[in-house]
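Here come two complexes built around chain A, the first alongside chain B, the second alongside chain C.
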Partner chain A sequence: MSGRALDNGLRLLGLVMIGVIVCFLVTPIFVTAVMAFDARPYLGPLPPPALSLRWFAKFFSDDYFLRGLGTSVELAVLSVTVSVCVGVATAIAVERASFRGKEALISFFLSPLIVPPVVTGFALLLFLSKMGVINGFARLLCGHIIITAPYTIRATLAGLSGIDVSLTEAALSLGATERHAFWDVTFPLARTGIVSGAIFAFAVSMDDVAVSIMLTDANTYTLPVALISSMRANFDLSIAAASVMLMLLTLALIVVLDKFVGLNRAIGQGVFRS
Partner chain B sequence: MTDAAQPSPETVIAFRDVSKRFGQTVAVDRVSFSVGAGETVSLLGPSGCGKTTTLRLISGFEDPDEGVIEIAGESMVGKRPYERNVGLLFQHYALFPHMTVAENIAYGLKHRRWPKAEIGERVDEMLRLVQLQGFGDRRPGQMSGGQQQRVALARVLATRPKLVLLDEPLSALDAKLREELRVELKQILAAVGSTTIVVTHDQDEAMSLADRIIVMNRGRIEQQGTPDEIYARPLTPFVAAFIGRANWFHGRIAAAAGEGLCQLATDAGTMLAIPHPGGAGGGSWSACIRPERVVVMALGAAGGAGENRLPGQIVDVVNMGAELHYIVDGAEGRLMAVEPNRAGPRVRRGDRVQLLFRADDCVVLPRKPD
Partner chain C sequence: MKPDRGSLPLLLPAGGVFLGLFFLPMAGLFIESFRLYQPGSIGSAANAPFTLTNYAELLTPAFADFFLETMRISLLASLAGLLFAFPLAYWITRRFSPRGRAIAVGFFVTLMFLSVLVRTYALELTFGATGPLRPFLQALGIALNGRPYIETLVGGGLLHYIVPMATLTLLGTIQNVDPRLVDAAQALGAPGWKAHLTITVPLCMRGLLAAFLFAFTFSISAFVIPMILGKGRVLFISNLVYNRFSEIADYPSGAAISMVLFFVALAIVYVTSRQVNKRWTS
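The block that comes next holds the complex of A and B.
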């Protein structure tokens, strides 16, 4: 009896914890989203008496923000493109080879995830200055490739590890060369992993502050950096509006990801067992 | 034994003293055999006996350390898997999940450079062969295990490979489906007249599919012969124990006992009449008798000449449906007899009985050093 009461108590405690965590995660976002639509021209207490799109309008009429947004998108597209190519090539090379220290090498490739971004940013700043790279965009691009590549490497490795070796062997025994077997079989099946890695990498690039803040110059800065600087100078709710848009972008990415993964599950039913 | 590895126009594949090592382990140890056109041969053995390595050597996923592998008279040294035209049916089918059934079957044709117009025709032909008309647009994931297996077979046979390798072809299916597909598989292979090697650890699969069985153990060939030969005349204790069931008796040859027979004085102290193993006699020997050659009779019933009788007590009668398995304890330890499940009075657990078997039915082999 007492054991059962304890079980029920623990189950209740679990539910309460879930509730608390959900509130903890959602409340700040909810507050931000509501404030972004506040009609008042100043920062007033919750709830706003009326709603409007004035902060969104302000965001889009502000050159400083728009320039940051432009740089961020450009940077994200370029750095993700590079890091997907690098990541896929690296993952395939590592996956196929068998040598001592393979695990260590993979950990090394993933190390930018562990090194604090501030350290990465500062080290890169010093290094690139010594190398004579003073172009802000080039510096940012280097930084963003470094912080996004681990995501594409890891996601591609995960995608590859689900593919049964016998599929490649089947292709070879049916007359396909190794190169054809890769493009016909391995690549399509690893695509889910590659796409999800690319989406994560894009989100990381759009989101990064710590590395970017070290590498920006007066004319080249990313949106998150612009938001932080403007917050120090004149705090207003266009930052909340920008946050809402960043959130929507992330949401869109998640939907795309889910569609891809969901799609592959439908196709790949029963592949990865055995 | 058969004349292994003699190249003749009809030999599809020949192994000559092929060895393969992985580190310290010798996976395949000086193996020689050959398979003629249209023949179905089974490589049979327990896991780790070298049969899978042999299969990978034939298909080109491994290269031999020593020896020669020839396919259709051509040495396979340095030939990549896609340069061999050897069809390989994988245990878990290995169908491409992102392609339709038709695309799977067409895959080999495409890479073997068949003309586009003929590919579609050939795919339809293969679907008919494996009785999956109308399934061309399905994905493998939408099909049952048995259907997937048939698609895999169609994909293998589509390119008309010189040699078809089947890796444990039925082991991934459940028992009932296995029986059905076994018959179908045999018919399809016969219909296309392919030369086939079946790699399996399942003696039923080997016995039922193959014209000839090559029994492997520890990287070597123990015996090769027809299923009948392997079963009735095993040459080594391993083969006798691995194929089917056997009751064993170990002892020394005591004296001759009539036409071609002799007496085996067993370690447990009984005298058994067995075929004379030849030679001077004497020494340690083992004799075995198949359970279905042992008759269970009530005590005191008369037997014929040249028959062995061992008294014992029924420990269990196991009803397997088609047959009854009698487990009998006696002076020689636990023995087994198998009889068809017929109507009529039966002996029961605890009954005292005698086991009868003919001396001629015993197989005599040199005793394995313990």
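The block that comes next holds the complex of A and C.
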């Protein structure tokens, strides 16, 4: 029967496509991970004849990268802290309130997500220079807060909305004050949403180029911006070493996310959607 | 808990942040896009007259080419992403054990969380003009500095994010389709491909549209991927905005391009979510 033959053909095609795409996704990462340990002082063909840590040493002896790394970590910690606080406050207010236009309010807070990051960065650049904010770090902090806050708000909201209201009511009827009910009942239950929001905000902050590249000054720049400009200047393997470390950071974040929230749940909270 | 107005002050921090760091800057950008630019200066003068020239300039073929190229590569990458993600998600949902599925989810979440810099650098290192695949690609007669190859590489960069994202989006969708529907159709004599085309795919349409929306909006606002993989030969609209800012300091023109990009992104989100709502909510 020709239908059967067509079925088998299509099944085979499907499997080939799966094989091709998985190879495409994995090969570059594998190549980068191997090349980062290349002992040759230049960019040579695969495979490297000998392995060494020279590119890692080169990365860590480069002030330009280290400075960027320092700024990136500081920025990520500060902006995530601010965004988590803003996110928790906002999510609680939105969740409790029952005024009309609640949906509109939520989309208002998520609206930066649909604006291309270059546009957000450019708008901020113009606005902050009109306001007289010229300090590089202050400008970057502003940029990183506005790109991370929508994620913490959304994830906290998703975490809160999964909580049965009757639990808080039970605590209140058993004599807990509103503050106690919040800290002892609501907050621990909302924690998964807060944690996944914070992790995603951290990843977004550490990864951003499009907003940061607009807001840097000569002395204050983030690691991704430093990596991008050296990638354009000369394509050497210290960036491969940096990439390996960034991959390990990603892996660590995923492990933490899985441990504290669970990956399926984090996906359900829509952490990744832009 | 009773609806209480007592928690409304909790909205103040977010209100301040979003007003000061998002809405006012966006309004300022909108106004800047109508200012007259004097070549040679940095940005517009404080009270430069208003004009439409910044937008008129965008109607020239030179800009239209950038715009169409962004749209074309984004559209092709998004569609290709769905084409690859669908069988992948289907296979994982139907053939994997729960444990295998959990590992697959971890794998794709990690790929999706991967820094865009790592992604771009890894692709350039592997498939670029100096990469280990060079002899192989040259043997196939592919010009590594030719425009078609560079465009493909930019599309590949987008695909490297789109495929994991779309696979994760579709996993849940396919899981909700009852496999017995396809079994029943096949028992009644429909060939497998027809059963999937008339049952599985239509039932997954909502997830496919959602994945397409994420993929396409991600692609048209991509910045790092075309900047590095495009090697200056392929520029996306985002790169154009940055060049207006960094190379010639023509802020009004950068603002006008930003506005066009913003409204295109908004229109795509609006049209797609309207389609989804119209078809799947009664």
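Assume the second predicted complex is superposed on the first by the 240 of 274 C-alpha atoms of A that agree within 3 Å, B and C clash if a C-alpha of one lies under 4 Å from a C-alpha of the other, contacts with A are read in each partner's own complex, and residues count from 1 in each chain.
Keep this in mind: contacts are C-beta pairs under 8 Å (C-beta built on N, C-alpha and C of every residue); 3 or more make two chains touch, one makes a residue touch a chain.
Quantities reported herein were computed from a predicted structural model and do not represent experimental measurements.
Asker: Which partner, chain B or chain C, is in contact with more residues of chain A?
Answerer: Higher number of touched chain A residues: C.
Asker: For A:G132, using the defined touch cut-off, is the partner it touches chain B, chain C, both, or neither? Pick first, second, both or neither.
Answerer: Touch partners of A:G132: none, neither chain B nor chain C.
Asker: By the touch definition at the top of the document, which applies to A:E169: first (chain B), second (chain C), both, or neither?
Answerer: So A:E169 meets both chain B and chain C here.
Asker: Looking at the overlay, does A:V185 come into contact with chain B only (first), chain C only (second), both, or neither?
Answerer: In the superposed model, A:V185 contacts chain B only, not chain C.
Asker: Considering only touches as defined above, state whether A:A203 meets chain B (first), chain C (second), both or neither.
Answerer: second
Asker: Touching A:I239, do we find chain B (first), chain C (second), both, or neither?
Answerer: second
Asker: Check the residue A:P45 against both partner chains and state whether it touches chain B (first), chain C (second), both, or neither.
Answerer: Second partner only.
Asker: Output check: A:T120 vs chain B and chain C. Expected answer is one of first, second, both, neither. What do you get?
Answerer: second
Asker: Thinking of the overlay built on chain A, is A:A93 touched by chain B (first), by chain C (second), by both, or by neither?
Answerer: Touch status of A:A93: second partner only.
Asker: Identify the residues of chain A that lie in both the chain B contact region and the chain C contact region.
Answerer: 169, 172, 267, 274
Asker: Help me check something: in the complex, which residues belonging to chain B touch chain A?
Answerer: Listed in rising order, the residues are 59-61, 80-82, 84-88, 90, 92, 94-98, 107-108, 111-112, 139-142, 155, 159.
Asker: Can you list the chain A residues touching chain C in their complex?
Answerer: Touching chain C from chain A are residues 3-4, 6-7, 10-11, 14-15, 17-18, 20-22, 24-25, 27-29, 31-32, 35, 43, 45-46, 82, 85-87, 89-90, 92-94, 96-99, 108-109, 111-112, 114-120, 122-128, 130, 142-143, 145-146, 149, 153, 165, 168-169, 172, 203, 206-207, 209-210, 213-214, 224, 227-228, 231-232, 235, 239-240, 243, 246-247, 250-251, 253-254, 257-258, 263-264, 266-267, 272-274.
Asker: Flag every residue of chain C that touches chain A in the complex, lowest number first.
Answerer: 1, 3-5, 7-11, 13-14, 17-18, 21-22, 24-26, 28-29, 32, 43, 83-84, 87-88, 90-91, 102, 105-106, 109-128, 130-132, 134, 156, 159-160, 163-165, 168, 172, 191-194, 214, 217-218, 220-221, 223-224, 227-228, 237-238, 241-242, 245, 251, 254-255, 258, 261-262, 265-266, 269
Asker: Where on chain A does chain B make contact in their complex?
Answerer: 164, 166-167, 169-177, 180, 184-185, 188-189, 267-271, 274
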